[in-house]
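Before anything else, here is the set of structures, which you'll find just below.
Both of the next two complexes hold subunit A, though its partner changes from subunit B to subunit C.
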Partner chain A sequence: MPETESLPQQVKEQIESIGRADVVIGLPSFRTREDLSWASADGFVGLNVLIAYPSSGEVLEAGAFPSEHLVRYPISAPERYLSGPTGVYGTFQEILQIGQRVESKACCVWNSNPQGASMEIIEQMLRPVLDQGFDLVFPIYKEAKLGALVNSSIICPMTRALYGKQIHFPMAIDLGFSSSLVDRLLETDPRTRQPRSAQWIATEAICTGLPVCQVGLPMDTPRPPDSTDLSSILTIILGRLFADLERNTSYWQRSSGSELVPTFGTPGIREDDAIAPAELQRMIETFQLGYRNLAEIWGVALTPATLVGLKRLTNLAVSQFRMADDLWVRVVYDFALAHRQRAINREHLLRAMTPLYLAWVASYALEMKDASITDFQNRLERLALAYESQKPYLLSRWRWPDRFNP
Partner chain B sequence: MKAPGSAQDRLWFKDAIIYELHVRAFFDSNGDGIGDFQGLTQRLDYLQDFGVTCLWLLPFFPSPLRDDGYDISDYLNVHPDYGTLDDFRAFLDAAHQRNMQVMIELVINHTSDQHPWFQRARLAPAGSVERDFYVWSDTDKKYQQARIIFTDTEKSNWTWDPIANAYYWHRFFSHQPDVNYDNPLVLEEVQKAMRYWLDMGVDGLRLDAIPYLVEREGTNCENLAETHAIVKQLRRGMDEHHANRMILAEANQWPTDVRAYFGEGDECHMAFHFPLMPRMFMALRLEDRLPVTDIIAQTPAIPESCQWGLFLRNHDELTLEMVSDEERDYMYLAYSTDPRMRVNVGIRRRLAPLMDNNRRRIELLNSLLFSFPGTPILYYGDEIGMGDNIYLGDRNGVRTPMQWNGDRNAGFSRATPAKLFNPVIMDPVYGYATINVEAQESDPSSLLSWMRNMIALRKIFRVFGRGSIEFLNPENKKILAYLRRMENEEILCVANLSRFPQPVALDLAKFEGMKPIEMMGYVEFPPIGSQPYALSLGAYDFLWFELHKPTNSVRTLAT
Partner chain C sequence: MWEQVSQALDQSFTRVMTRIASLLPGFLALLVALLVSSLIAWAIGFVLRRSLRSLDFDRKVAGWGLLGFRGETDRSPTDWTVRIVSWSIVFVGFLVGVTAFEATLTSLLVSQLFAYLPNLVAAVVVLLVGGAAARFFSRSVLIGAVNLNVQYAHLLSIGMKWLILVLTGAMALNHLEIGGKIVDEAFAILFGGIVLTLALAVGLGARDLVSRSLERQAGRMPEETTETFRHF
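After this line comes the complex of A and B, so read on.
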């Protein structure tokens, strides 16, 4: 068992009395018994299923799911958005520990609202592990033109460009794990001296060469709580993404091109509302304000040519407001480089990216105003290719850091 | 159960960047003019940021300090000038927290004449166990075929001890009597010392002066089978109780003789490649690759689990023992115009002065160090181009205080300058006002920044530490070109040893179709064709290329 195991004795004893389970389903976001109304002992025909839920929620009694296969565990860290398998905080570690103790073949951590789950969805997530030998399964949530833009404008294309894997939601908070990946995630990483599960799991699996896949699910992208502000989300996500670049330098600097990971099921499509013109106007004004007030921080991170490109943007009317993909990608890469160089406080740096992100969103939303589903998929593909084609720029500046840049 | 080391990979030393330093010279935390462990601990962030992964500490044990600590009087303690055992433990923990391994010295050929073993031995009756801790003789005519190593100071390997009424054997200074490995208790005591430090968590041991452990009449008393048997026993003892540790052999010998110190992977993990070092300097000055390619060709293969230790400069003189007489003459004339620059059989200068402070030459030699097969070992201060002081005795001229900034004592110590263990370098070219860490940290074009970038770049490619080497043979002898290969990694390195631009055409036919990507700037060069690949290199220029296969990437998103 790992040195870092945090399960209390009582839970360990309960698990011991259960013995083995083929599948563990963990629900860190569980609150009330309604969250588990879908649980049924009939799911996963022929397999023994155990459900683990946190002690912060109600106590479950025997229902459709046999109580002896329910494990209530105390969580070691406060739950919050992005606290799941994205690896920012370790609220799901206990689930992996339970999975390891019962020697499960597969383990699903469902961090989204449990009421959106079902035995069928969980089974979809775990079948590639159980039947086809995959070690990590990502969900593909329903795609929408203006949905999950942090993912589609930064995380997804940057992961693809750097790590060579085309994964729709590399930082998804619902994941399926194999037992061997669970074992690995519970080890301590000698480089960080933290459990590997505290890191970004996607890159942990990719860099180890473990087979990963993705599954189209009939559900919307999980939304952060309304109280979570954009700057905080960007700081957490980009902080994780950029920190991982330092950890995995020897992998991503030596990989080139990208490949589609095996994909099962068909990703759904969700219609969404256009962003209101007033909202677009506000985004652009935030960017313009940022250009005036954050010049010092941007000047540390961005090259003169990029700054000139941004200055040009500040002078454009709303209707003409377009940020070129190359410019946006360089902004992201420049911030990744500044993050690595620790030129200024990292949180301040990442927060300073918010107005730039809003500029990109405004530009993209204006461009996609009347676009079809195919148009927007092609648009994001073009962006992903821009990330790939600009990778040498990131590589050159990473390998030979210099203030004297174009 | 074996005590684990701080490294997870048993071959960690193959990917390491080793940094050699003397605690005494690095940073003084208490203002007594002498560097100490607390000072070193305070400077670990600098070393981590610089990128080195293993610290090699010169001897820090109690000692009369007549040979800079290589004359040890107590193997199990810390010299009070440098702090306490607790200070050492705190340093070790702090280094491990920063993912740095620590290597210390195990000087097992000799002790100080002040060591209690020697004091006891000289008083003990002849033939007693205590007496036999050292090598005694009634005559100074034994082992006449053994050469004298410190030719400047010693006339014989025997010195008369009036208390013992006998001669004692010493391969180095007369105050450093050699211990006697024919007495099994000696090895037992040495193993105790080894276990003591390994149990504490030390990751590596440098075995000093390893070829001279055993003496036999009728031989030159170097590299004897009995010596190898001792090394094997030490290694066995280490492997039995400790995991992921390393032994580095100091054997200033020809490659074929050093090869024996790897055994079949059951003696030392690493050994210095002494003959390569002067030949890098020679090749540069001659503007001819032959000295380097020749010595590499003479270097036998070593077991998979072993590694060469490569260096440009260290705490000793640039040793010229492993060159021919003619080559030695050339090196003296080329690199030590002032006789004061010479000591024993070598040249006591740092890297930057040897290069006449020419930045491009310094960079070129470092590029060879970082790209040749082996683990690079850097000497403290060379990363900022520190100079030396040839007016100090012995090899102290290259052991001056680290130059941290332009303040008093180069920021090394708050002591009055007269109290410093050695004066700081103050000349106008290399003096601390000009050459110091603080200035170079704030200058992205400094040598320090360049070195940091090179280290980071090398760490990306494991092929440098683990791959094979194959020299190309272009017509232009001023060009040194070689391939480093491991599994699917292929690196091409090309260096111009000349002070003028040079053309070269490389036979890369077997890589036809591949794309060379210049590694520092990730610049794509024209693909390799069937014709010789033409390059031009500026003076002292070097280029490293990754050779990429043409890619067929999938560019379609899932639907």
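After this line comes the complex of A and C, so read on.
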């Protein structure tokens, strides 16, 4: 059994009485009975399914799903993936332990709102593990021009450029696991002395060389559960992304280019609402205010050339407000470097990036105002290629931070 | 009579010279003590500077968010630490040298100085911690206010910085036992003044914002949410 075992004795006994299960579905965000109204014995023909839900929610009664295949478990708060005060998290630890105890072949942790899931969706997520030997399955949520913007602007293209895999949602919190990945994630990482599941699972799997794939799902990107404070959530997510760069330096410094990841199914498309000019105006104003007040903090992270580029942006009218891809990519890479160098307090640094991110969003939204879905996909592809083409810049500054400072 | 005058002058000259001669060893001892303590201070400063640099002390202090921006001061935390330690050693050497003059008089001075030393150390610590806290919190306020698109972000940040600095200054003066009640009263007036200024500035500048926020909290107005941009 893993060193990080946190299941109480009562749960262990219940699992022992169940014996083995082929598939484990974990729903850490479960609250009420309605959350699991979709559970039925129809899915996964010929396979034993076990559903694990937290004891903080309501007790489920026997219904369409056999009650002997339901496990209630207490969530230990510290074991949160993407942990942060604002509630952006996923909880994997206990479900993975249950999966390991029942010797499951595949395990799905559905961290977002359970009402958005269904037996079909979970089966879609786990089929590549059960039938084709993949170790980790990522979801692809509905595509939208103005949806999941942090992912589109930073996480997805940066992961692609650095780790060489074209994964749409590398920081997804709804994931499918194979038994071998479950075993690996439950080991304690000798470097951090923490369970691996508390780290960023996507890069853990990529750096280990495990086969990963993605599945298109007909659902919107899940929203962070508790907070809408952009700055705090951005700080948590970027903090994890940049910290992971330090952990996996030897891997991403060697990788070059990027490759497609096997993809099953096609994601839906979400229609965007019309862009309110006032919202764009406010984002640009925040950026301009940031330039007036935070230039000193930005100066700690950004190179003089990048600062000059930003200064030019502050003088543009709203209709002409465009941030070049190369400029944006350098901003992101420079912040990643400053985060590594601890040039100033890390939380201050990451929070100070919010106005720059809003400037990118405003520029992108203006560009995509009348664009078709194909234009939008091409636009993001161009951005991803800019991340790849600027990778040597990151590499040089990472290796020689004082010598290479254009 | 001239003989008596000459004799008196001779005697006074002899007394002065004897007095000066009796002080010379003390002067010499003071010079030697200063020289030796300076040498020790230089040696310890040299070792300390190298040790702090090898520990990457400057970057660590910057990472804790306790430093100002580049250009705000031309001295690094390592420089400051080395200077404080070196000058403390020179000061101790000076005290040793002064004691060599007149044991009874100077020992009284030294004992009073040493009795006062804890107050001095406490005041310096309060000033250092307060200065660092002022920088940290003023920067937090500045970034938070800019992210909320608050136009007077800089004013808020400066207000926060001076609130902490005034509080710190008053605490340090209290430790040094300087000023007595005047410091307390001056602090109360200054602190109250800053708070009132900020309250007026924010209140007048953001009347609409505050009233909208209060109405929303009271449930009279729906939260302004938009689904156009989804960041996550």
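Quick note on the criterion: the second predicted complex is superposed on the first by the 389 of 406 C-alpha atoms of A that agree within 3 Å, B and C clash if a C-alpha of one lies under 4 Å from a C-alpha of the other, contacts with A are read in each partner's own complex, and residues count from 1 in each chain.
The criterion applied here is as follows: a contact is a pair of C-beta atoms (placed from the backbone, for glycine too) under 8 Å apart; a residue touches a chain by one contact, two chains touch by 3 or more.
This one's a predicted model, so the numbers in the text were calculated from it and none came from an experiment.
Peer 1: Once both complexes are superposed via subunit A, do subunit B and subunit C end up clashing or fitting?
Peer 2: They clash: once the shared chain is superposed, the two partners overlap in space.
Peer 1: Is A:168 touching anything from subunit B or subunit C once the two structures are fitted on A? First, second, both or neither.
Peer 2: The answer is first: A:168 touches subunit B but not subunit C.
Peer 1: Which partner does A:258 reach: the first (subunit B), the second (subunit C), both, or neither?
Peer 2: The answer is first: A:258 touches subunit B but not subunit C.
Peer 1: Touching A:56 in the superposition: subunit B (first), subunit C (second), both, neither?
Peer 2: neither
Peer 1: Mind working out whether A:250 is in touch with subunit B, subunit C, both or neither, as first, second, both or neither?
Peer 2: A:250: touches subunit B, not subunit C.
Peer 1: Looking at the overlay, does A:118 come into contact with subunit B only (first), subunit C only (second), both, or neither?
Peer 2: A:118 sits against neither subunit B nor subunit C.
Peer 1: Tell me the contact category for A:48 with respect to subunit B and subunit C: first, second, both or neither.
Peer 2: neither
Peer 1: Could you tell me if A:233 is touching subunit B, subunit C, both of them or neither one (first, second, both, neither)?
Peer 2: The answer is second: A:233 touches subunit C but not subunit B.
Peer 1: Looking at subunit A, does subunit B or subunit C touch a larger number of its residues?
Peer 2: C
Peer 1: Which subunit A residues contact subunit B in one complex and subunit C in the other?
Peer 2: No residue of subunit A touches both subunit B and subunit C.
Peer 1: What does subunit A use to touch subunit B in their complex?
Peer 2: 140, 164, 166, 168, 190-191, 193, 214, 249-250, 253-254, 256-261, 263, 266-267, 377, 380-381, 384-385, 388, 392, 395-396, 399-404
Peer 1: Which of the residues in subunit C come into contact with subunit A in the complex?
Peer 2: Its residues touching subunit A are 59-60, 62-65, 67, 69-70, 136, 139-140, 142-144, 146-147, 149, 151, 153-154, 157, 225-232.
Peer 1: Within their complex, state which residues of subunit B touch subunit A.
Peer 2: The contact residues of subunit B facing subunit A are 7-8, 97, 99, 444-445, 449, 453, 456-457, 459-462, 489, 519-524, 546, 548, 551-559.
Peer 1: Any idea which subunit A residues touch subunit C in the complex?
Peer 2: 88, 144, 146-151, 221, 223-224, 228, 230-231, 233-234, 272-276, 279, 282, 285-286, 289-290, 292-294, 296-297, 299-300, 341-348, 351-352, 354-355, 361, 365
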